[in-house]
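The same chain A turns up in both complexes below, where it pairs with chain B and then with chain C.
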Partner chain A sequence: MDMSPYRDLFISESREHLRAVSELIVKVEQEAGSRKDMDALFRAAHSLKGMAASMGYGEIAELSHRIEDLMDRVRKEELVFDAGIADLLLEGADLLEVMITDVANEVQAVRDIGDLVQRLVAYRPATGTAGTADGGDVAGGAPSDRQSPADLLHGEPDRHGDASQTVRVRTEVLDHLINITGELITNKHRLMTVGKELASQPLDEATVELSRLLRDLHTEVLLVRLIPFSTIADRFPRVVRDLAKKVGKEVVFEVDGKGIELDRGILEGLSDPLTHILRNAVDHGLELPDERRACGKPLHGRIRLAARREKDQVVVVVEDDGRGMDPALLIASAIEKRLVSPEAGRLMSAREAFMLTCIPGFSTAREVTDVSGRGVGMDAVRSTIQTLGGNLTIESELGKGSRFILRLPLTIAIINVLLVRLARVALAIPITSVQRTVELRRDLIYSRGKQKVFDFDGEALPLLSLNRILGLPHSHAGELLPLFVSELKGRRVGLVVDEFIGQQEIFVKPLGRPLASMKGLGGGAVLGNGEVVFILDVANVL
Partner chain B sequence: MKASSRGLLVFTLQGERYGLSLQDVLEVIDPSRPVPVPRAPEFIRGVINVHGSLVTILDLARLLACGEAAPAGKFLVLDRRIANLALWVDSVEGFVAEEGELGTDSPADELIAREVRSGTGTIRILALDRIVNRVEETLKR
Partner chain C sequence: MGLTVLLVDDSLFMRNMLRGILEGEGYEIVAEAVDGMDAVRKYREFRPDVTTMDIVMPVKNGIEALREIRILDAKACVVMCSAVGQESLVNAAHEAGACDFIIKPFNPERVREVIKRVAGA
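After this line comes the complex of A and B, so read on.
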């Protein structure tokens, strides 16, 4: 029998189980595990074993079987779930992930599971090490409060209940679906343009009705593409735990809003930035236990990752109760590295100072650690978030901790833009990159050094010509200068354009190879009149 | 515009004959005015909308440094698996069947894969992968 049609299903389902396994291990370890979580862990390993066996993946089945056995001994209270078990189980989960990736890549790799199987079978708790942590005992401890609020909130991973009402759909089909919907929206704008010229009432009525139906279709298609935040959030407890162990810190990590749903594309893009922010929080944000004790703080640092819906946006917040950031120090460091001039530094607000951490070449880590001081920095984090159509703000209080706030659109393919004209080119600016539009009277412009500035919200913002930045001729005539306020390299600026055309919903089309490699372009779109516009990637335009 | 695999589409540029494998060309269309791309190098003439996809127009003459495309010309839309590109050329001459062993002289220009003898002259076969790579490298700068 040809099993290949079932292989993809096996891969996606087994990965789901593995994610649950990793998450549950960390949870059980941190919260001195409830019975319910241990049962769920046992079941996930059990399901994995069954699926692998039926597909003929003997080694995956064998390893899952041993994990299931070890959990069974814990359930029967022959063993206490301690850090040793957690390490062993996580090692098992990692190896399973590698083996499933082999299956996905159709690689006939030989993975040695013998050693790990041996250790799983022969596991004995190390004597005298149970309950190591001083103060709050994170690991170990008997299963206690069986009905803690966390239990009640934690949904059953077992979803057999509604199996008959759900289907699995390949993600390409979903992508295709949203493409077609986007094309329909573009075509609707075309019909409306034609309708205006013809002045035909029946046609107008039909297009209005079409608009309504398309809006419904669009909503439904978007709903189908939404997946819960837990899809990526479930692996973060593991990331935080491993890193905290490595750098000798004690961390209580909380995740809220796992059920909040986001577009699949955005969620996938969020994984790396969030990992980076979380690693930063563990590595730089939180103090070492001694330092915390000296400040009179609890020994366990607290990191919270929370997602929530706000109108048509999703807000994701990472906050820690660590040492916080000192705006004056950040500014001094940026001046020293010649990233900002001393004058600009003096005028900088605290909010802007925190954003300095996102300038390429800025890193305040006193020494480069192999954890987060190198490679992709906060600049990459911010530009990724902006590319996803979102934005990042940072808040911090010295001695109390920092908050990283990510605002993201629910969907990525259809976005709201401000259409502007520069010379004869129409350009689309994602609304998320526009803080405000202003029509500025020329007499309100003044000079500060070599820079032309204007006052905005009590702050002197530099004026830049977007025409000049893009190498287009400028014709900023007229008494009022149209400009929009946006953030460039962590600094708020006013970007002058020739004309505002208006606000519109557009369907983002990829530029593809080779044009996508050009900096500052975030894709293109076709307007209702057939005109092609480019979407400006404001964060990367300079 | 369909044809069996091992054929060449022959087109002209500044009086010279060039060729592409038929499989690499999706369609040949009449030029329309491309929307210029701010800050792009000269050989990128802009982007057009081809059946709902955005396609970048490459002025092949400018890239090969032998003048610029004739306004009348043709756009050769490449297979999307190669790139989202259309080549602006002067005119399309037609198809020729490619025979077994043909001209193997290694041409001086790396953007030309090989030269094929056909009837009275030679046809320069473009090295599409290298052309796309070169354009991409230039754009990254």
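After this line comes the complex of A and C, so read on.
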């Protein structure tokens, strides 16, 4: 079996274990060891052994095995974890680190582990306080015939050359960093508010400089959290290929933009929705070869997954050249399932019709296959994307194919919002949920049935009062109605507010109970002036 | 064709390797779990045809997880993955209702053979 694809993972996972081993040895020695820590030590050595054996690194496996055995004796209370054991284990961990570095550097070095293995196997605790005076004590050994890990490094003085360029950092440290940065940005806005009130030029200058530095800090902190799209994209060719084979379709699958980097939190969250969209594309989007031939299309269907950067967003697109979707059919099906009223159906544009596929309970699949029958539906896909602070749009042309477009922020915790005022309450709307802001002249509003509508991009969009939806008194008094265009249940609508306050970056804080369970609230934030605002989860507000 | 498999191992390396071997045989890996507790949860959610279960894991070990899974589903087919020299654990696993055993380090041939056998049963 060709093990080379697993090499990098072996190296990184082994190093993780070794770091844990070193930390645990020290901890157990200092705190007279909890059972839990000793178990963890044993497991780490055990895992290392298993991996090394799989890779065919006999000596690493052997040394780990002996460390594991020694730990097992400690666990079984045949031995007491004393300083002698700690020294031996640390020596072993150091030697293992050297050997793994050899693997990483593709150095074919011979490391003599025999002596250390001997001492691990034969370890006896030093007797009495004079311990080392005991001539037969194996743990003492003869210094001259023992190579320390440092000695083994001769000829490789630049071992740290590569290693010192990178460090491994726990993800929670990164999360703390971004949290602190977020708090700093909130505080900056506070300072700016104070500055405005004081009209002090030196203070203004200082806050401008602070803003610049914070922006740099924010960028750097974000960079640390970024990992390439390939981290998840590399698994998709396999998913597509296997499914295509299963359903008897021929697919050419392309992935572009593997090097595009995204916040790891977002990237991890994207895996399931993308898998689902790709499966849908193979299962429902593409036609069977016969059908394609009949339409004069190439027998091979094409599916393309592409990621690209657009300003402070990442756009991920899945497109296929399959049968596409028929808006009329989608609308008819939604009406039949009573998901929309016939009247609303008549008013729907094609792009709204495509979004119907994301309403819970909607599925046009003629039969439930074992592919689409399992796991998440498009409604879950969409809500996952929204939870990540992104949005989904669908384009499709009958007979030509469909395109699913995911727009995602580069980071989760700090987002751009449109601040609006309703009655006396300020509310934050994520910019990703705002397609456009409009100040609408009242005479451009007209009625269709019972619904007030206005024309926007050639479509008649319903007008809804956000005040009314949220149960706040409304006072839309002026000549111009401030509103923003957003999407509700697959339909574009104009949501009227009392006043636009402006656009701002805010640091999102999750809500505690019971607020967290309220529909339509996506978090909270503190503004620069100390005011607390809720972040509106537009898609779920109705 | 298309038997579903749940992989349980605390090592990503091991999971990836098993995934490589099993996907090559046309099995569908429906989920992966990183410890015994995760395994029980994923089992309940996915009801896989076959589960491969590492024994030495944090939080809850493979044998405890196996017991809980068998309570959930008396017909659960769970193949234990153990290292050489864990005979006592193998016995315990057997008593807890393990279908079969794979010895680590994985021999792809042996893995294929065992999964094929238990899947056919």
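Note that in this section the second predicted complex is superposed on the first by the 370 of 542 C-alpha atoms of A that agree within 3 Å, B and C clash if a C-alpha of one lies under 4 Å from a C-alpha of the other, contacts with A are read in each partner's own complex, and residues count from 1 in each chain.
We adopt the following convention: contacts are C-beta pairs under 8 Å (C-beta built on N, C-alpha and C of every residue); 3 or more make two chains touch, one makes a residue touch a chain.
Computed from a prediction, not measured in an experiment: that's the story for all the values here.
Asker: Thinking of the overlay built on chain A, is A:Leu398 touched by chain B (first), by chain C (second), by both, or by neither?
Answerer: So A:Leu398 meets neither chain B nor chain C here.
Asker: Answer with first, second, both or neither: which of chain B and chain C does A:Pro514 touch in the superposed model?
Answerer: Touch status of A:Pro514: first partner only.
Asker: Return first, second, both or neither, reflecting whether A:Arg238 touches chain B, chain C, both chains, or no partner chain.
Answerer: The second partner, chain C, only.
Asker: Touch test for A:Leu470: chain B only (first), chain C only (second), both, or neither?
Answerer: First partner only, chain B.
Asker: Would you sort A:Lys246 into first (chain B), second (chain C), both or neither based on which partner it touches?
Answerer: In the superposition, A:Lys246 contacts chain C only.
Asker: After the superposition on A, what does A:Arg43 contact: first (chain B), second (chain C), both or neither?
Answerer: Touch partner of A:Arg43: chain C, not chain B.
Asker: Which of the two partners, first being chain B and second being chain C, lies in contact with A:Leu480: first, second, both, or neither?
Answerer: After superposition on chain A, A:Leu480 lies in contact with neither partner.
Asker: Would you sort A:Ser54 into first (chain B), second (chain C), both or neither based on which partner it touches?
Answerer: second
Asker: For the complex, give me every residue of chain A touching chain B.
Answerer: Going through chain A, the ones touching chain B are 183, 186, 422, 425, 427, 470-472, 509-515, 517-521, 524, 526, 530-534.
Asker: Which of the residues in chain B end up touching chain A in this complex?
Answerer: Of all residues in chain B, those touching chain A are 35-40, 44, 47-49, 52-54, 56, 80, 83-85, 132, 135-136, 139-140.
Asker: Quick one: in the complex, what on chain A touches chain C?
Answerer: Interface residues on the chain A side: 1, 5-6, 9-10, 13, 39-40, 42-43, 46-47, 49-51, 53-54, 238, 242, 246, 370, 374.
Asker: Using the touch definition up top, name the residues of chain C that touch chain A in the complex.
Answerer: Residues of chain C touching chain A: 1-2, 10-14, 16-17, 20-21, 23, 26, 28, 30, 56-58, 83, 104-106, 108.
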